[in-house]
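Got some structures for you, see below.
Two complexes, one shared chain (subunit A), two partners (subunit B, subunit C).
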Partner chain A sequence: MRRTVPLILSFTAGILMILDSYFKIPIINNFATDYLMRSISVSVAWAAGLGSLNLIRLHIRHISSKRQNYQFSYVLIGVWLFMLTCGIFLQGNTANPFYQFFYSNIQVNLSAAVYSLASFYLASSCYRAFRARSVESTVLLVSAAIVMIGSVPVGAAIWSGFPAIQGWLLKIVNDSVIRGWSIGLTLGGLSQSVRNLVGIERGHLQAGE
Partner chain B sequence: MNNSTIWHRLAAIDSRILYLALLVMVAVPLLRPIGLPLVILDEVRDTLALIASFPEGSVVWLASEVAATNAAELRPMITAFARYLVMQNHRIIIGGFWTDGCNLARIWLDPIFEEMGAVYGVNYVNLGYRPSSTSVLDECRKDIINAYSDRDIAGRKLSEMPVMAGVTKASDIDYLVCMSPGTPGTSTYISAWRATGEVDVIIDCPTSGMYTTAGNNYQAGITKGLVGGLNGSAQVEQLIGYPGKAIRGMDAQGTGHFAILLYLIIGNIGYYQIRRMDREAKEHAGG
Partner chain C sequence: MNLASMRAAVAPLFTSWLKSDSNQISLASFLLFGFFAALVIYYYRVATQSSRPLPKLRRIAGLDAIDESIGRATEMGRPVVFNPGMSSFSAPTYGALAVLSYVAKQTARYDVRLIGCFRYPEVLAVAQSTIQACYVEEGKPDAFRTDDMRYLSGDQFGFASGCVGIVQRERAAAHHMFGSLAAEALLLAEAGAAAGAIQIAGQTNNLQTPFLVAACDYCLMVEELYVASAYLTQDRLRTGMLAAQDIIKVILIALILSGTLFVTFGSTLIGDLLILY
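On to the complex of A and B.
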């Protein structure tokens, strides 16, 4: 029963969505849009709430068992509660200037700063790990170097041929490869969907067993 | 075996020195721009010409699929496009499915719209974030106002705004400009609106990382315009005559790339020489 009902539900929903995509049958089209598609929004909203609660539960556990660096969990819970309260209770909600001040001056800048740090690690790892150990890795290294230098003005200033070679690598070599694997990926996704739809693939139904 | 030769030192430079050198190479051109000339790509020129071919009052959906993490590339991009769309006097509907997307558009673009004399509700509107791109975009195929519960980002009624006059469903949108750092992004709109025949013209504005896959859709004619990364943003800024952060950033990106290239070369010279020395030492030991 725990498997049969979800299987019937996913099969029915899947078939209805396929019919909605390929045929103009008003009753199915309306049902798909008004109920099935909207249920995705509801699920996503629930998932966001569930994710938040799960995160808070995890950090409360960190604090109660005094794990390493548990002090940061206080910060996380405090900031979460503060922004949540501001976003829900202040006039204009997330449009409120008080909320916007914290959002644009702290969250945005911190996110951008953390992400920017990746460039330093990237540079360091290029230096340490990107070695011409074989013919294949040498080809990869030379291509990467040309694409990198050809995509910035300094490359064109050094030699006008860099942007042209970079364009050829991207538009001919890269696009062909991307098209090949994207077709393969789509076919793989299609076969996986069919397996899920008809119940051959049941891994997602085994949670908790 | 002597491990303190110049080659060993070259192959084992302290990370902190590498970080500091990169920081200097990126920071200096930001503070004192070099102003190297940009190479303008045909695809960028064609994209702007395509937008200009739409008559005044055309409706454009500006997909603000941005986040603070990709702001360095996509903020100059969306800013340059917002300017250009106002210059064309097109009606702009800003939507987005990244949680920060529409809020960042409000922070970044509202001052620009104000500067250019565009009026909220008349020339542009910000729809705000909605969870689940798939379901919202699908519902927009039938009724955009209903999909957004007749409310914009600040809770004002969409149905009373002149900018939404005659725009009831996705097929009323003339073209779409999509910032695309991943998913949701251009591929989402292609599935939801391009494949279903609602919107034929999609202009793809990916980050540099996504640019490598975006070329495929452009080459196949699925997207009609392509402007990629900070380089593309800088080209747009130059072509529309509003030099900004992208053009300034290109010098820094150039020197940053150059630094990484130098690291690659130095690291490999050290590696090659050490390998050669090891091989020679083994031959001596064996012979």
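On to the complex of A and C.
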């Protein structure tokens, strides 16, 4: 029962969405737009509550059992409650300037700070990857070096051929590989979706077998 | 006959029942999808008859390494961290959940702690019940820890920093990243490398693949993520679907090659046929 009902629901919804994508059948087109798409929003809204519950339950346990660094759980629960209260009760909800002040000046900046770490991580991962240990890694090393040199003005100053080779590597070799990947990914995604639709793929419905 | 007159001749046949999109590829896409559906049905029949042979799957090092990474976690007594990607329910997430069900069975079998990091609560709910069922199937329901299935944040970098923290604090022995990853991919992979974890990535974002190739021990390329469930379970039905997928791929390659040849000799016939309606 726990497998059959989700399978029937997903098969029906999937077939309706496919019919809606290809055919002009007003009753199905309207049903897909008015009901199915909205039902996603409703289920996601319920799931958001579930996520919050999971998060808060976990951190309350951290505090109650005084696990390592449990003090940070107080901060998380406090901030969560504060932003939740502001978002629900202030006039204009999340558009309220008070809410926006905290969002724009704390959340956005913290996200940008975490993202900026990527540039440092890029250097350390390249340091590990760009080593001539095999033929393949040597090709990677040489092509990466050419692309890096060809991308900066000093590369053209050293030799005018660097930007041309860099352009060839990016536009011909890289683009064609990326397009091949895209076709493979689309087909793979289609195959995965069909397997889900007809119930062959059940990894997400309990134990898979 | 030019493209405009061909389109004018074809349009009345389909305009009353087939939707048209701005790129005018509805007919080609519909025919390709119809052919794919027919292949799926054909290979379903083939797969259900055990006497009929199916194509063999080649070795995929990244998927073979899953067992190796769990074995390493067993020896070291450290956890496996699984990240099913940054998107809600989509094809890559389903691919990741298929791998997760295999990983959960293995971790249950070898008594290894499995920590899941989730960005979307709906994925968390499904993954949690999947993992729990795997533990029950392996006869170890008590080993499943709800606290280890963690919703971190809906924000991209909030999630990334939470995941980085878990990988490093828990000193993960194996870090599995499957599904759809975006700009946070490198942050996650470098955190795993710093923690000394075996890292296996399988994701579908072309832009992130180079970073993961550089930073991870094993990286599944392109659609290998979607092959994972068939490969790990050696299930005939799933393998049959892959055969159908490969036939479509051969057809597309033939179309690309013939289109290139036609254009080389001054004809746009193949391209025009694809954008008729």
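Annotations for the structure displayed:
The criterion applied here is as follows: the second predicted complex is superposed on the first by the 185 of 209 C-alpha atoms of A that agree within 3 Å, B and C clash if a C-alpha of one lies under 4 Å from a C-alpha of the other, contacts with A are read in each partner's own complex, and residues count from 1 in each chain.
As a working rule, a contact is a pair of C-beta atoms (placed from the backbone, for glycine too) under 8 Å apart; a residue touches a chain by one contact, two chains touch by 3 or more.
Because the structure is a prediction, the values reported are computed rather than measured.
In the overlay built on the shared chain, the residue A:12 is in contact with neither subunit B nor subunit C.
Of the two partner chains placed by superposition, only subunit C is touched by A:198; subunit B is not. By the document's definition of touching, of the two partners only subunit C reaches A:22; subunit B does not. Using the contact criterion defined above for the overlaid structures, shared-chain residue A:4 touches neither subunit B nor subunit C, since it reaches no partner. Of the two partner chains placed by the overlay, neither subunit B nor subunit C lies in contact with A:137. By the touch criterion defined above, A:124 reaches both subunit B and subunit C. In the overlay built on the shared chain, the residue A:48 is in contact with subunit B and with subunit C.
Of the two partner chains placed around the shared chain by superposition, subunit B is the only one that A:153 touches, whereas subunit C remains out of contact.
When the shared chain is aligned, subunit B and subunit C each come close enough to touch A:111.
Comparing which residues of subunit A touch subunit B with which touch subunit C, the overlap comprises 43-44, 48, 107, 110-112, 114-115, 122, 124, 126, 128, 130, 178, 182. The part of subunit C that touches subunit A in the complex is made up of residues 16-19, 26, 30, 33, 36-37, 40, 44, 88, 90-92, 94-95, 97-102, 104-105, 118, 120-122, 124-127, 129-130, 133-134, 136-137, 147, 149-152, 154-158, 160-161, 183-184, 186-187, 189-190, 193, 204, 206, 209, 211, 213-215, 221-223, 225-227, 229, 233, 235, 237-238, 241-242, 244-245, 248-249, 252. By the touch criterion stated above, subunit A contacts subunit B in their complex at residues 32-33, 37-41, 43-45, 48, 92-95, 100, 103-104, 107-112, 114-116, 119-120, 122-124, 126-128, 130-132, 141, 145, 148-149, 151-157, 163, 167, 170-171, 174-175, 178-179, 182.
Interface residues of subunit B, counted against subunit A in their complex, comprise 13, 15, 18-19, 22-23, 36-39, 41, 67-72, 100, 103-104, 106-107, 130-132, 134-136, 138-139, 141-142, 153-155, 208, 211-213, 215-216, 219-220, 229, 231, 250-251, 253-261, 263-264, 266-268, 271-272.
Of all residues in subunit A, only 18, 21-24, 43-44, 47-52, 54-55, 58, 61, 107, 110-112, 114-115, 117-118, 121-122, 124-126, 128-130, 178, 180-185, 187-196, 198, 200-201, 203-209 touch subunit C in the complex they form.
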